[in-house]
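Going by the order they are written in, the chains are A, B, C, D and E; count residues from 1 in each one.
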Amino acid sequence: MARFAINRKESFGKPPGSVVFIGKKRVETVGIELITFDQGSYDEVAIPVTDHVTLPEPDGRLQWYNVIGLHDTDLVRELGDQFDLHDLLLEDVVNTELRPRMEEFDNCLFFSLKMLRFDEVKNLIYSEQVSIVLRENLVITFQEEPGDVFDLIRDRIRTKKGKVRQSGADYLTFALLDMIFDHYSSAVENFGDVIEDLETDLLDNPTSDMLNQINQFKREINFLRKHIRPARELAFQYSKTESPLIHKATRQYLKELAANAAHASEIIDSYANMLSDFLHVYHTSMSSKINDVMKILTIFSAIFIPLTFIAGIYGTNFDFLPELHWKYSYAVFWGVLILVGLIMLNYFRRKGWF
Amino acid sequence: MARFAINRKESFGKPPGSVVFIGKKRVETVGIELITFDQGSYDEVAIPVTDHVTLPEPDGRLQWYNVIGLHDTDLVRELGDQFDLHDLLLEDVVNTELRPRMEEFDNCLFFSLKMLRFDEVKNLIYSEQVSIVLRENLVITFQEEPGDVFDLIRDRIRTKKGKVRQSGADYLTFALLDMIFDHYSSAVENFGDVIEDLETDLLDNPTSDMLNQINQFKREINFLRKHIRPARELAFQYSKTESPLIHKATRQYLKELAANAAHASEIIDSYANMLSDFLHVYHTSMSSKINDVMKILTIFSAIFIPLTFIAGIYGTNFDFLPELHWKYSYAVFWGVLILVGLIMLNYFRRKGWF
Amino acid sequence: MARFAINRKESFGKPPGSVVFIGKKRVETVGIELITFDQGSYDEVAIPVTDHVTLPEPDGRLQWYNVIGLHDTDLVRELGDQFDLHDLLLEDVVNTELRPRMEEFDNCLFFSLKMLRFDEVKNLIYSEQVSIVLRENLVITFQEEPGDVFDLIRDRIRTKKGKVRQSGADYLTFALLDMIFDHYSSAVENFGDVIEDLETDLLDNPTSDMLNQINQFKREINFLRKHIRPARELAFQYSKTESPLIHKATRQYLKELAANAAHASEIIDSYANMLSDFLHVYHTSMSSKINDVMKILTIFSAIFIPLTFIAGIYGTNFDFLPELHWKYSYAVFWGVLILVGLIMLNYFRRKGWF
Amino acid sequence: MARFAINRKESFGKPPGSVVFIGKKRVETVGIELITFDQGSYDEVAIPVTDHVTLPEPDGRLQWYNVIGLHDTDLVRELGDQFDLHDLLLEDVVNTELRPRMEEFDNCLFFSLKMLRFDEVKNLIYSEQVSIVLRENLVITFQEEPGDVFDLIRDRIRTKKGKVRQSGADYLTFALLDMIFDHYSSAVENFGDVIEDLETDLLDNPTSDMLNQINQFKREINFLRKHIRPARELAFQYSKTESPLIHKATRQYLKELAANAAHASEIIDSYANMLSDFLHVYHTSMSSKINDVMKILTIFSAIFIPLTFIAGIYGTNFDFLPELHWKYSYAVFWGVLILVGLIMLNYFRRKGWF
Amino acid sequence: MARFAINRKESFGKPPGSVVFIGKKRVETVGIELITFDQGSYDEVAIPVTDHVTLPEPDGRLQWYNVIGLHDTDLVRELGDQFDLHDLLLEDVVNTELRPRMEEFDNCLFFSLKMLRFDEVKNLIYSEQVSIVLRENLVITFQEEPGDVFDLIRDRIRTKKGKVRQSGADYLTFALLDMIFDHYSSAVENFGDVIEDLETDLLDNPTSDMLNQINQFKREINFLRKHIRPARELAFQYSKTESPLIHKATRQYLKELAANAAHASEIIDSYANMLSDFLHVYHTSMSSKINDVMKILTIFSAIFIPLTFIAGIYGTNFDFLPELHWKYSYAVFWGVLILVGLIMLNYFRRKGWF
């Protein structure tokens, strides 16, 4: 399948706003978690998912719904109806190939982006689609499978660490995005370490394996860039939105978020440029090597080919070849050979070839 | 003929607004289809095309005229008169080489773009000029030949699927553009699959066939890009226009349309960059191969040329050549040959050449 | 002379606004043609040019003066005085090396650009400086020599074809510019055909002639681009100007003009990029060829140099060289030669070299 | 560690606004210096740092606090509380990997950037994080270790040189930034000298050492660029801010600051481009050298290989080889050899090879 | 010294606004010339420079002071005091390494740029720092040494040519800048001629000298670009400034000035691009040459190495080598040699190698 797939194949030709799941089904049953909290109290429940989902009434406290598993489009649609979400928003929620974006709807802000987790043991980056809906006193997150980068935020809610418990839905959304971006930065750094190791090797001894490696890194960095760059726009848009859902106190945090996203994106670009330079260096260093090989060949050829020719002359069988019969010919012959050899060697030495 | 042809040859020097057909005549007789519908009822008729065309009176329901075949400029002019369309608009309708664009006229919005259909059997992309005129309660589409990407929309109208039946002319126009863009995405994806296959081969074993292939792909991607990039601007312009023809409810869809067009356009650019990288990789990998070939040549030459020289010395016919007559000379000779050979081999092995 | 010459040498150090002719004198005597027309009537006269020029009184109809020949700066200055034109405008009129531009003066709009005519017989592009002054009910064009691209417009005026006769000075100016741009497009297309022919040849069999050709095309496309790009800005500026000289009805045409100029400019860029790619392809394909040549050399050398060495051994004249005297030596010798040759051939075949 | 590290590892997952020290601890104990001055009087004290820090009451004069050492986050937080600074500001103060930025808070302006000091003896650039907080009548600077670029400003305060004593906090902040930027310019210049030395060597005799050097310089210039470019934005932002903290008289200085920062940034870019050109020149010059080596090889081979062949013919032992027995054969043989050699030499000379 | 030097070394650490001379002292004593004029009268005096400078009272006519020599910073400061100039302005006046800029002060406009004079005899471009201060009824120019590009303007003042005598300080400033820009254009053109000569040579016969030359031209064009590009911004800024010092009548001239500066800047870029292309062409053409050399080597080797081998076989001394004793062996031997040679020649000819 194409790497940069838009992958609307499944939704191809469907009316816009059709809730069609695009992606690989990663989990069997859909789960819904609800955390309700304000400064004073805190509740955590799992909503049972059957044919019909009954959601608890909002009680004035901030609600954070987390929906795990996106393939059950009927459920997503039902949730959408209960929360009065636009059908385009729902279409985007279940499309795991969507370009990261923020969209403003009448009653909510919608964020769609990739969540990256770096598995240090397997040296792999896991990527998962996550959507965030921000409404007054309500945050809904949609993710593809259990396990996410939000556990630290759940901890902060439980332990009242930081400002999450004192703040509103806009701050919680900021905190979720900030956590996702922290993981971007972390992935970028891990990647940077590997690239810089390669650089040292490249300058020492370029091999054709490295050419493959440079290429592979280029692909991976393009993958990262594809997700992080639009996320930067998203953060910038979020910090600039005039939606009444954002309180004044949160603005300063959003500016910080946008600045950090810009920083991560810049660093990615730095690494991408480094890789392009690597290719250039590899190529230049290869032509330098060709030059060296050529010199060796030329030195050997230019010395021994004339000598062989001289020897060839006295290997001829002419009847009248006076030098052959002179007593000191052989010694002179050797002298000439050595002389010619030395002249050639000197010639190349003066050219600075060795 | 030039690939990026502007091809105003036929209209060359004609007064602006002259309705001159530019392109290849693809159909014998022009056809006009009319679909009239509102939420409740639905009619589909073919308008007979004779010397004079009689159009049914609008009855308050939304009318969608589809004109097939653009070479009959008299007919187009007559339709233009009946619908009160600007002569510049008509000139653009029959110009199949036009750059995709949206233009605002006093009484209508005009869209001109390419419709791409990927034929999976023949592995070919068919391209056809399509123009859309959006007026109050009226949509007119012009296309070059029968067969288009709109059948799914006709189905939705017939079966009341989606929102087309409930919405106005602006939504229908959106739906038509969305369908065209869906086909762009699909073409891009199909193309991406082929490019990525090439990449694997390229790293494994670059051949000069691939150079040709990279070039051909570059041309094809330029073709796609030429059509999709301005279509992106078109979508953006449509989503931003302040024309009273657009209802508020449709705006959200137009934003989505613009975002999707932007996405498709970005992916095209990614593939174009990949192809440029391929050329670079091919080139670098070629110089790496030259280096390898040079090494083999140098190893053989540097070992055997000196040996041949030594043999040459003892092939000379000097009368006084003492070594020739010594009993163990031949054995020593072989010893020297082997020794020199081993020294050379060792020298290259230490250089890491094999 | 420098190709991209600014060429103010003649005006060097002159006070700004000095009317100094810059360019080559292309015509002996200056000619002035006047076409006066409105919807109803039409007159065409040649104004006699003597020491003093007497211009007919304006009679309420639209006047189009066409001045042929720019070297008679006294005449230009006199005309300027009679028409009350700014001295900077006059300086620009007689400078044939001016960058295409549009300028707004108090009482008029001024356009300066190149007129390109493609001579299909000689396969050459002729370029000529043309200036257009647009005032209320008055258009003045200045050109370097007789013969221009405006004959079709004169025909339209004479035959009342198109809208020129019904419209004002702003439409006439548009029509003149549109005609000039039509010729740009035509030049670009002709050029494109030649470039695309080259592409086919390049992929089949790159020769060093093509390198020269690519370079020459690059130069020519730069020439075209130098004139067409700023003309695009000019068209855009014209379509955006808020000058009261432009009537509302003409605006739509100006937008079209700007779009077409943008299109021509984009196509030029496409061809320029194609040429850059050609250079890259040429280079890559050259290194691929070097590789092929190297392989042939290496195969021959690596097979025959060892064989020659073996033959050389048995050409030595050692007294005690037992193999020489054995009856089957020669046959075995041949066997060894053939064996070694086959081993080498097999080695290169397995490497995929032939 | 990654070179372009974002390095939020220590703050990873911490709630935003957490004051977590990021960087290497460079100093044991934290020091706080306070300079209080107005036009008439001047005081300099070291604030004792114990568990609790007692700050002197402001007395209407301008206060400049300088905090040395950032690892004691408790102290930073306490200072933050006493000065009523936003927790995001404090988080940024102790993050030594922050991208240079200016941020506006409700009661202050915040600047974070790198201070570069060039050690001419060791030929090294020391870099240190510095944060500046500008409030009404108060400037706070935070730095990592003792020793900074501000001594000259302290001197000016002590000796009443320049305008620092007569001006407010905004001018002092300007003076601090100006000093930091002066050091940037100085670092760039020192670097430029080295690069230009390399250029001369490169054109004279490119060696593969230079390839390494070009690469190292590229890395270093990227390091400089990474710090100086965003500092340029910072200066621009500072000169444009509408904060009431900036007095009218200071604006002109801020414009100058921004212009100088822009200049330094441009010069960096010039050097970066020069380095890219160097790589290109190196590569091209290498292929030119390969060509030279090839020519030498070809001349020797093309002359002596045919000669050796001729000698080989007369080294054959055919019984019937008439030339061998003719008296003048040997002389003719030499004549032929010399003739063939001269023809070849002449051929290459006419090709302009030597 | 670094080429792109900022060179604030002398002012390093000095308080901003310190008048510190930066550059080489080019003249012993400072001179001050004053031209006072209006439409009717005209005066030219040299102001004596002693410890104290006494300036004549303004008499309502336009005053143009020209200060020659910048190293006497005391004098510059004194003049600054008498004319009430900002100390930042004075700092910029004596800094000969300043980036071209225009700055608006409360009571004046300040221009700082390079004056280029092309010495056609020595083929060198002289560059000199010039600053212009524009105030109501007063223009002050500062230059480094006697001799400038303004003599033509002085002539125009003396002879009442052009509009200088009728116009104000703003027009005089325009005229000075226009003259400087005219010299830029002239320098660019002279440079262009040389570059285009190189192009012809490059395509005919690329030598490694040309590589050096291309590089040197690149450096020189960067030098020109460094000065002309910001001057273009300066001209644009001047044409846009809303300062009351500019009269309406002068605006049209300023627009012209900006357009000409833009043109010169574009032409510089064209030449810079041409040089980059040259490097590319040089490189490609070099690899084409390598290919040619390789072909010659391969042809000679591939023909004569096998032939030498065959000769080698019959040079062996095997006792039983039947071919040696057959009467027609030698003739057949020659036949075989010629046959093999012809086959090889034919092979290469069919490959299109010669």
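Methods note: a contact is a pair of C-beta atoms (placed from the backbone, for glycine too) under 8 Å apart; a residue touches a chain by one contact, two chains touch by 3 or more.
What you are looking at is a predicted structure, and each value in this text was computed from that prediction instead of being measured.
Relative orientation of chain B with respect to chain C corresponds to a rotation of 70°, obtained by superposing CA atoms and rounded to a multiple of 5. Chain geometry summary: the mean Cα position of chain A and that of chain C are 42 Å apart. Chain geometry summary: the mean Cα position of chain A and that of chain D are 26 Å apart. Centroids of chain D and chain E (each the mean of its C-alpha atoms) stand 26 Å apart. For chain E, residues that reach two or more other chains under the stated contact definition are 283, 287, 290, 294, 297, 301, 305, 308, 312, 315-317, 321. Tracing the ring of inter-chain contacts outward from chain B, first into chain C, gives the chain sequence B, C, E, D, A.
Of all residues in chain D, only 152, 156, 161-164, 174-175, 178-179, 182, 185-186, 188-190, 192-193, 195-196, 203, 252-253, 255-256, 259-260, 262-264, 266-267, 270-271, 277, 280-281, 283-285, 287-288, 290-291, 294-295, 297-298, 301-302, 305-306, 308-309, 312-313, 315-322, 352 touch chain E in the complex they form. For chain C in complex with chain E, the residues that touch the partner chain are 1-9, 12-18, 86, 88, 92, 99, 101, 103, 105, 205, 208, 211-212, 215, 218, 222, 226, 279, 282-283, 286-287, 289-290, 293-294, 296-297, 300-301, 304-305, 307-308, 311-312, 314-317, 321, 323-325, 327-330, 333, 337.
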